[in-house]
């Protein structure tokens, strides 16, 4: 059994490559930083279309919609004991922009750059911070982006003690690394927990932050134990060697369901599972073929078996719970219809294509299922398995035929998914913006424009309508077959109380969790 | 005087895939404190006779005999333990090839001492002294050095002498020497024989000397047994060998080229099937 | 009559050759090490370049914007000509610097220092189990050739040879952990001890003993015993079989007959004379099996969530973390070479015949 | 008499060991020449040096007046010089039938009418065609040595190198093989260079002999010299004494 | 001349005759002797029997399989236990019949085995024989290369190669072949070195045979039997490595019913639907056991030295 003051979770944490919130962009780090760092604003779990203050007590938007002013709560300190000031906030933003790591685009899309960030994100006084954006974006969009991990506020004083000098080069204009090297494995935050240790592929240990300004966590520590296998997690859970299993697969969920001492909790996540058809392939570019594929997935069977408990059939690109989500499921498994469409496309005998499949579950299982159902309409799919990095490399090079995989939101806003599914600035192979639309060579100038316009729409209802239109368009003609939306599930031992999965990966908070 | 060893109708056979191989088929002889030679061509059963007496025949072989006694002890009914206590102690055997008969990872000295300490309650240092003395007795110069050498570090002649030392150190009453010199150079051969001869004379052992060289046996032994196909075809005193009656014995004697005798072509042995009956 | 001392000729020769021989051995070892290292480096480097994974992707993930990707590509030197990249590799590797793992952000050597003891501990215990049981079994089988024991050892060995280890691992985990609760959950140590126990050497068994933490030792033991037994079983299969072969070979030698002629007891003949000789080639066999456990326990490590080097390399490979793959491979290669040299030396000391040469 | 084989100052070094130390011999055409000496004295090495199987460090080797390259030999050489080895158990390929074994030289030298030649060769050495398709393990030592002789003869050489061809055989079988060799030599006018450790065998077979020890020739002498005791070297005398059998020294 | 026996010989006598009258008879006789030695070993026969069965299974997989090995019934027949009507060994997570998959998987297993044997063994044989016979720098260079491959962690190399070439059964085979030749080279070299100085090789050299001819016709056949034995014994390892690659998701691509991959996908269900992983596990165990038994028997039959008296 586990100690009473410690929460032990089994989770596949092999995706972690950095604990620096300015760099971290992974599922596991999202949850860990959410529990160890504070943000200006957080998603309001009561109503996910809103945000609420975290460090910020209040905020205002200027009339031109360009300047956001945040007022910080008083008397807060970092875990190190340093006081939290607007200076820290400004520097945290500056740091993200100047380091320019992968998630920096969430902030740079507002026109921030290394040259202007000190102007645009600055501390007016000790408790006032202003952020100036380049266009009058919908405020919800800006605020949603600030809830992302990349908006975490770091302890400027502490980090500055650990910066490492780097050589200035053409690509890098700064003489230090902003503490990136140190912060990869260390901690400079102010969340309810402190990061005590991260050993790659082994363990993450969090400890209660006794100086936390909010409600103090009940538990002294939280341990994430790396364990990939669902069956292993289940065994450990049943035997009481862990408190929570985070990667249970459908069959293990099913069998732990009735088990004494174990409860399950779940929450839909902003991740959609889809497969996409590369429009460079002449067969796949035919509209009838695209439509036919949408009828060649046995949604019901998949839903009731392969993803039972871990997903819900879903056919639009915006996940449930996100502004503007369109809850439509026009497609069902219909071989006859698909065959008719194929015949119309001039391919009555079907054809052969390849599908790049990441070798994990449920991806492989779903791919195999599609392989079988498509075969019924004469489409022969050759599965090319590969590990994640490999299939993505190919995907990004646009050399695939069919790619099957997931897309998770980068931040909790409809734009995150809309952008990738419907924006394609430059459909040439040199295109820099490797959105999903680009990766599948789907050239849609009209949708690109609409998506961009949605960002500036201040009225949430109107904004939502634009997104609904976009989802309709993708349903109709997009080379994307969205199959389901992921549900995150956890098997929890009964003595653990108040464990609640959030609607996104950075909203599972452990502060309130107690053990009997 | 009762003989040291009595062998009556000894038979050794090996069951093999192609049937029963009868290596020794009814050998009868007895031995006092004398030098008995056993000769015969390759495969005639000489070695198997010797090994059967020692109890060294492989386990799957079948051994029968009317009588097989050593100094009044019935070897056929003796327990394995009893026989083991005889071996190396009262009955010893020198194996043919020193290259393969010495344990390659043990020093010569340890191998000799091992025999002694298996059979005698004796301290380590005394055992070593006696082993070195024994090595000297078999005319190894610098015995103390050789004591610490490994088999591969000494020549064949020295190895054979070490083997003799190893087998004689417990002062056995019966020694079976299975072609003790056939792997050695002619010049070395005679040295080794001289040593053996001296030890037999000094200790009054019974000696069975197995060889395929009729001339050597006749000059070394008192009595000679001639074997053919697992049987004794002739038993004769050594000095009478020239007058052997059996054509096989005669043939063996005459087919060897000799210095000075000009016989072209050499007489060859014409084997008669009835010999093997 | 004077005795021709052919032996002096031989001895004189070997004495003259001995010094030169030793130098030659050292030189040979050096050549082996250097060329093997270079070869290892070259092969690893080559594989790293042909793997169809964009190494930048490993550092940045899928969502990084284009300009970041470009920048990192240049930082990693991926825009340089291939030979320059290799020379860079080589230069760093020669200084013992295998770079930083992108996956764990630690210097590769730091990572390896952490994961190697885990594998080392596991493989060592496995080999110990394998040889302590395997050798006597093999001897017994050889001595009682054709008997029931021989057949039993043979079957046990054959199954060990034939069974897919990951499958056996799963089943045994099911039985011994889930059902019987005899052993602990996969991993090296219970999370409870994460706080109370600070390993020094990384060999948890030794560390906990050293620090006198009995409960930790018990826990560590309960973790390691199942995977180690499985590995032990696999090496037992191999070792017992080879022992049997070697023993049969030795038992048919003439010196065994000579030993019997001396009146030695069977047990002394078997356990002292024959086994002592069989030990010479057996050393190599055990060393080889040890080496293969060190490098080949990826599957066991996967099933038992054992944070060892096999798992480390596999993980890195799948993420195109080539620094880590290179470092891990070189380390394993070095261990392989070291074990080989060690077994060579051991062979030489065990076999007096090779000592002079 | 012309010289068939001559070796002058031949030295053979294995790694760091001098197996032959400037050895010289000359074998006349049609002569039968013997080499005696104890084990390891370099007898085989000398034969192997002539056959091109040993690393000759220096010296001159001539066959029929032609000087041989120290290592490489051409095909013509092998049709002239053939060898029979000491160990009949080791000199026949264990996986080949006698037939296959005898075909090999014919195939290498591109000699036609293989069938007839093989039958003849087997006949010549006193083995019927009944032995033709056996494997070597189905033959006795004497029979094997006959096959080896047949193999050597099938390319019709003029010089035969014999490395203790009978030392692994029983005395009775030895006589048969020696007789066969003598007869062949007579029939074909071959030159023999024969090694043995047995003085009796050498004097029986050879007219001329060299005594070797430790890689050197200690004495050249003719068979009649030996028989009549015209010996100069002590070592040869020892050999003589030893071959007479055991003499008990009175206690 | 020997008289040809007038009485009609039994076939066995004809085969065992120590006076064969023709090349054919000699060869057959030898084969027969080997077979007799081999068949005296009942376990080896069992191994052979299993393998023959495997081959038959592979040939007749199409006829024997009650269902398709690749298309299942996801909605209706998922994870049925063994003995369910129509599904003798149960079904897997895609609702596919495990028996049919095992039957078809035997083809892949055979494919892997044969290909590895065909690729690795000749490489090893040639490298080893050439190195052993030539000696000197040729030997040094070839053995260095062999050593490098030996020092390379085997599974890692295989993994790396598969990663480089892309997953798939052909590439898995290639990777296994590339990693498994060095031991063969070692064996062939050792064997060659002992054979090289044998008198019968010297005799062939004295015939004027070229080195190539000697290596090809005289040396290699001598290495062959120990190599065959070793390959047979290794086949179990090959199957296991292929399965291991499949287990790590790098072997055969779905929906190919490769046994290792079947275990890999079935292991997720091992707690409740044990049969999904266990059935292919047993299949692998049986086949590799068969190879081991066969190899053992072959060793005794081909290599009388080790067979004892």
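Labels for the chains are A, B, C, D and E, by order of writing; each one numbers its residues from 1.
Here is the rule we use: a contact is a pair of C-beta atoms (placed from the backbone, for glycine too) under 8 Å apart; a residue touches a chain by one contact, two chains touch by 3 or more.
Chain-to-protein mapping (UniProt): B = ABC transporter ATP-binding protein; C, E = ABC transporter permease; D = Glutathione import ATP-binding protein GsiA.
Fair warning: this is a prediction, and the values are worked out from it, not measured in the lab.
**Q** Along touching chains only, what is the step distance from subunit C to subunit E?
**A** Minimum number of steps from subunit C to subunit E: 1.
**Q** In terms of Cα-based centroids, which chain occupies the most central position?
**A** Smallest offset from the overall C-alpha mean is found for C.
**Q** Which chain is most remote from subunit B in terms of Cα centres?
**A** Farthest by centroid: A.
**Q** At what distance in angstrom does the C-alpha mean of subunit C lie from that of subunit A?
**A** Distance between chain centres: 41 Å.
**Q** Can you give the whole-Å distance between the Cα centres of subunit A and subunit E?
**A** 48
**Q** Just the number, please: Cα centre separation of subunit A and subunit D in whole Å.
**A** Measuring from centre to centre gives 88 Å for this pair.
**Q** Please tell me the distance, in whole Å, between the geometric centres of subunit C and subunit D computed from their C-alpha atoms.
**A** 52
**Q** Which residues of subunit A are in contact with two or more other chains?
**A** 229, 235, 387, 390
**Q** Among the residues of subunit E, pick out those that touch two or more other chains and give their numbers.
**A** Residue numbers touching two or more other chains: 163, 166, 267, 270-271, 309.
**Q** Which subunit B residues touch at least two other chains?
**A** 156, 185, 187-188, 190
**Q** Per the contact definition, I'd like the list of subunit D residues that touch subunit B in the complex.
**A** So the residues of subunit D in touch with subunit B come to 38-39, 141, 170-176, 178-179, 182-183, 197-201, 203-205, 226-227, 238-243, 245-249, 251.
**Q** Would you pull the subunit C residues touching subunit B in the complex into a rising list?
**A** Within the complex, subunit C contacts subunit B at residues 1, 3-7, 10-11, 14, 253-255, 257-265, 273, 276-277, 280, 350-353, 356.
**Q** Could you pull out which subunit E residues touch subunit A in their complex?
**A** Listed in rising order, the residues are 70-72, 74-75, 78-79, 93-94, 163, 166-168, 249-250, 253-255, 265, 267-273.
**Q** State the interface residues of subunit D toward subunit E in the complex, per the touch definition above.
**A** Listed in rising order, the residues of subunit D that touch subunit E are 48, 51, 53, 73-75, 77-79, 81-83, 85-87, 90-95, 97, 99, 104-105, 108-109, 128-131, 133-135, 138, 148, 151, 155.
**Q** Mind listing the subunit C positions that touch subunit A in their complex?
**A** Residues in contact with subunit A: 51-54, 57-68, 70-71, 74-75, 101-106, 111, 114, 173, 177-178, 181, 184-187, 190-192, 194, 305, 307, 311-312, 315, 318-320.
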